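As structure tokens, here come the structures.
Next, two complexes with chain A in common: one pairs it with chain B, the other with chain C.
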Partner chain A sequence: MSKKAFRPDVDAPEWKGGHSPYDIIKEGSIAIAVVLILTLILAVVFGSPDDPAITLKSWSTTAPVDFATTALSELNGTSGTATYGAPYNSQNSSASQQLGPLKLEYWIGVHIPINTAKVFVINPLKALPGQPALDKDLAVFQNASASAKTAWLNNYTKAAANMKFLNNQVVVNASDAGPVPLMINDLTQMARSGALDEALLTGDSFYTTDYTDSLLFISDGSYLGQVAQADHLTGSQWGMMNETGSWPGQAWLWLYTFWYQVSPMNSSSNGDVEVLAIMLLLTVGLTLMPFIPGLRSIPRKSKVYRIIWREHYQNQTKD
Partner chain B sequence: MSTSEIDRQWTTRLRKRTFGKLPPEKMLPDTQPSYVSSWIYVFGVATISSLVVVIATGCVLAIFGPAWWHTSNVGHFVNSMHLWSVEIFFFSMVIHLWGKYFMAAWRGGRALTWITGMVLFLCSIVTALTGYVSQSNFDSQWISTQAKDAINGSGGGAFFNLLNGGQMLMWHIVLMPLILVLLVGVHVVLVRIKGVVPPIEENAGAVQ
Partner chain C sequence: MSSFLIGALINLNHPDHYFQWHIFDISAANAIVIILMLATFIGALLLPFPGRRRRKENQ
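Take a look at the complex of A and B:
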């Protein structure tokens, strides 16, 4: 019976050489102590960042026009969230990201339904107490025909290109916009008071830990991105591996964020799922490296192992 | 009770199987092969040691709740320790991973050890992501709103919602640590059963 040939990238010889004393418990204890001391030193010297969260109140106070413009996009259905597709709204396959023929986002469907006009604008306004003029306008808006709503929203949207915020009021010179001007202005006032933060968070329950609505609303505006840009956190700034200030971020994501800098992913509407697929492929390849002929030979052919085991090979030469 | 009856017991079988593969002298060895002599070996134990500090500081943060570190100087300091131990953890793990890659450490029936290590690396990334979005500050707002698109694109956003703070916190402090600790246990036991991979045999024929 012939003996199976030794495969240097698969098989390992049985060690018949010497052994040296090894105290595994002592090694582990010393390692924990060293890491603890190093962590303490780094924490004392460098600390950690904690930039406060942006609220609808702080956003609408700092950038009221951006807030009001975003509120309008939620009402007229043109915001990022309103046109997102699954998992938030509309089973619209063209709105969802896809990888070739794979439309996973679309196939899984809407699981976190959000009608932005209702959830972000109309329902919070309805919750405002003691506002008879607003209540009347909300009733007018909700009872109006679809064509009337569209006409009001179109007229207001056209004029909103020159929106201003003067004397604590949203100013848009729009004619025939129905109740839209009052709704947008009142929602802005509501946000500036802090009441919109509360309404979006506790609209369904007193106890809540789900910030989906508030975060989607905030991320639809420009303000969040501007703050992130100033902190070098955006995609084109390799932001995935950065952190606010000068602290180290998720440096281990360098290869993930690298693909976002490369064409076609840097301009593709399916960029996120394309990068995910590339990383998935690379990860599976690395995980299954032991079974891939050619690739599993790279370590042996690179000779880097000779640096790692240099004492062993030096001793072999001496012998 | 007869001997054969005792031998058939689940407990007996488990004990024999466990200690047959992993006798005490293998689990807690007092010697090691002489080729285990390089700084690269430090990073495996450094990874586990930093995980111990990560979990310990995370436990302190858990005792006082998710908002504590925003309002307390002590809390902020513990958070700083948590952050830096995570940085050391990933630094050590990446060097450990590439060290093992260049040793072709899957040789000699050690493929499962390599695979559990890779899965550990991936699980660590998910754990870190859930941690970053659980900070309840600007960082978590930005990261969650950006990263959601990739998760949604894969179809996973319907079940793993980065914008749901409660869900992410539970993943970060319960599910992922459980998986990580379990996998680390399996990884270490596999290392102890198979031993540290010997140097590449240079005199053998290069047959794949």
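Take a look at the complex of A and C:
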């Protein structure tokens, strides 16, 4: 029977030298203790970031015009969420991200259906108790013909370019806008009171921790982007690896966020799925590294192991 | 008193300094952490194993 040739990166040679005892439990325990002590010391010395969450209440209090303008875009169907396509609504397939010919978002379909006018504006307003004028206007809006609604929304949207917030009221000099002015103003008041946060948080389960609706609404406005920009957290600022304040962030995400800085991902409407594909490819490459000729030889050829076990190799040379 | 007790010794709740070069943009805090990680890696390569001297003496 012929003996197979030794393959340097695949076969392990039989060890014929000496052996020494090694207590991995002891080493692991020491490592855990050191990490625990370091964590406690660093927590006491530097603390940790604890910025208050941005809510619909804080947004509408700080930037009421931005909130009201965004609420209008949810009502007239022009917001980012309303025009996003899958998974939120059935817009045309070109609105969804795709990887070459693979229309991934479109194929997965609408599994978080959101009609922004109903979910973000009409339903929360309906939930407000003791508002006869609003109830009447909501009924008028819902029973109106599609053309009447469109006309009201168009008239209000045109005038909303000069929207102001005066004396705690949304002021828009719109004519023939039907019930829209009252709806937008009341939703703004509702948000400023904190009631809209509660209305959008309510879910079907016992624990109401599903913030999807609130977060989508907030992200449709420009306030969140401005806060993120100021904290160096946006995609173009390598924000994925940053933290608020002067704390270190997720430095290990450098490669993920790096791809967002280079062409074509930095200007592509499919940037997210393209970066995801690159990282998946690299992860598969890393996982299969022992099976990839050339790549698997790097540890042997770079000889870093000889630095770690230099004493052994020095003794070997002496012998 | 309670705010003193739960407050950190060094306040990092202020805007960080950022180093920008070409497309690269990194915060001072992240740069320090990365430098410390590299220093730990180089230290792990070059520093002698703990207990090596004791083992040598026993031999």
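The definition used in the following text is that the second predicted complex is superposed on the first by the 313 of 319 C-alpha atoms of A that agree within 3 Å, B and C clash if a C-alpha of one lies under 4 Å from a C-alpha of the other, contacts with A are read in each partner's own complex, and residues count from 1 in each chain.
The rule is short, and it goes like this: a contact is a pair of C-beta atoms (placed from the backbone, for glycine too) under 8 Å apart; a residue touches a chain by one contact, two chains touch by 3 or more.
What you are looking at is a predicted structure, and each value in this text was computed from that prediction instead of being measured.
Visitor: Let me test your reading of the model: by the given contact rule, A:160 touches which partner, first (chain B), second (chain C), both or neither?
Guide: A:160: touches no partner chain.
Visitor: Once chain A of both complexes is superposed, is A:210 in touch with chain B (first), chain C (second), both, or neither?
Guide: After superposition on chain A, A:210 lies in contact with chain B alone.
Visitor: Report for A:308: first if it touches chain B alone, second if chain C alone, otherwise both or neither.
Guide: In the superposition, A:308 touches chain B and chain C alike.
Visitor: Tell me which partner A:22 touches in the superposition: chain B (first), chain C (second), both or neither.
Guide: first
Visitor: So, A:233: does it touch chain B (first), chain C (second), both, or neither?
Guide: After superposition on chain A, A:233 lies in contact with chain B alone.
Visitor: Could you tell me if A:248 is touching chain B, chain C, both of them or neither one (first, second, both, neither)?
Guide: Once the two structures are laid over each other on A, A:248 reaches both partners.
Visitor: Which partner does A:261 reach: the first (chain B), the second (chain C), both, or neither?
Guide: Only chain C is touched by A:261; chain B is not.
Visitor: Report, in rising order, the residues of chain A that make contact with chain B in one complex and with chain C in the other.
Guide: 20, 43-44, 46-49, 243, 247-248, 251, 304, 308, 311
Visitor: With touch defined as at the start, can you tell me which chain C residues reach chain A in the complex?
Guide: That would be residues 7-18, 23-30, 32-34, 37, 45-46, 52, 55 of chain C.
Visitor: Applying the document's contact rule, which stretches of chain A touch chain B when the two form their complex?
Guide: Its residues touching chain B are 5-15, 17-25, 27-28, 31-32, 34-36, 38-40, 42-44, 46-54, 84, 86-87, 96-97, 99, 104-105, 107-109, 111-112, 208-212, 215-216, 218-219, 224, 227-228, 233, 235, 239-240, 243-244, 247-248, 250-253, 270, 272-273, 275-276, 283, 286-291, 293-294, 296-297, 299-300, 302, 304-305, 308-313.
Visitor: Which stretch or stretches of chain B touch chain A in the complex?
Guide: Touch list, chain B to chain A: 28-38, 40, 42, 45-46, 48-50, 52-53, 57, 69-70, 76-77, 79-85, 87-88, 90, 94, 99, 101-104, 106-111, 114-115, 118-119, 122, 125, 128-129, 132, 135-142, 144-146, 149-150, 152-155, 157-159, 161, 163-167, 169, 195, 197-202, 204-208.
Visitor: Tell me, which parts of chain A touch chain C in their complex?
Guide: Per the stated touch rule, the residues are 20, 43-49, 231-232, 237-238, 241-243, 245-249, 251, 261-262, 304, 307-308, 311.
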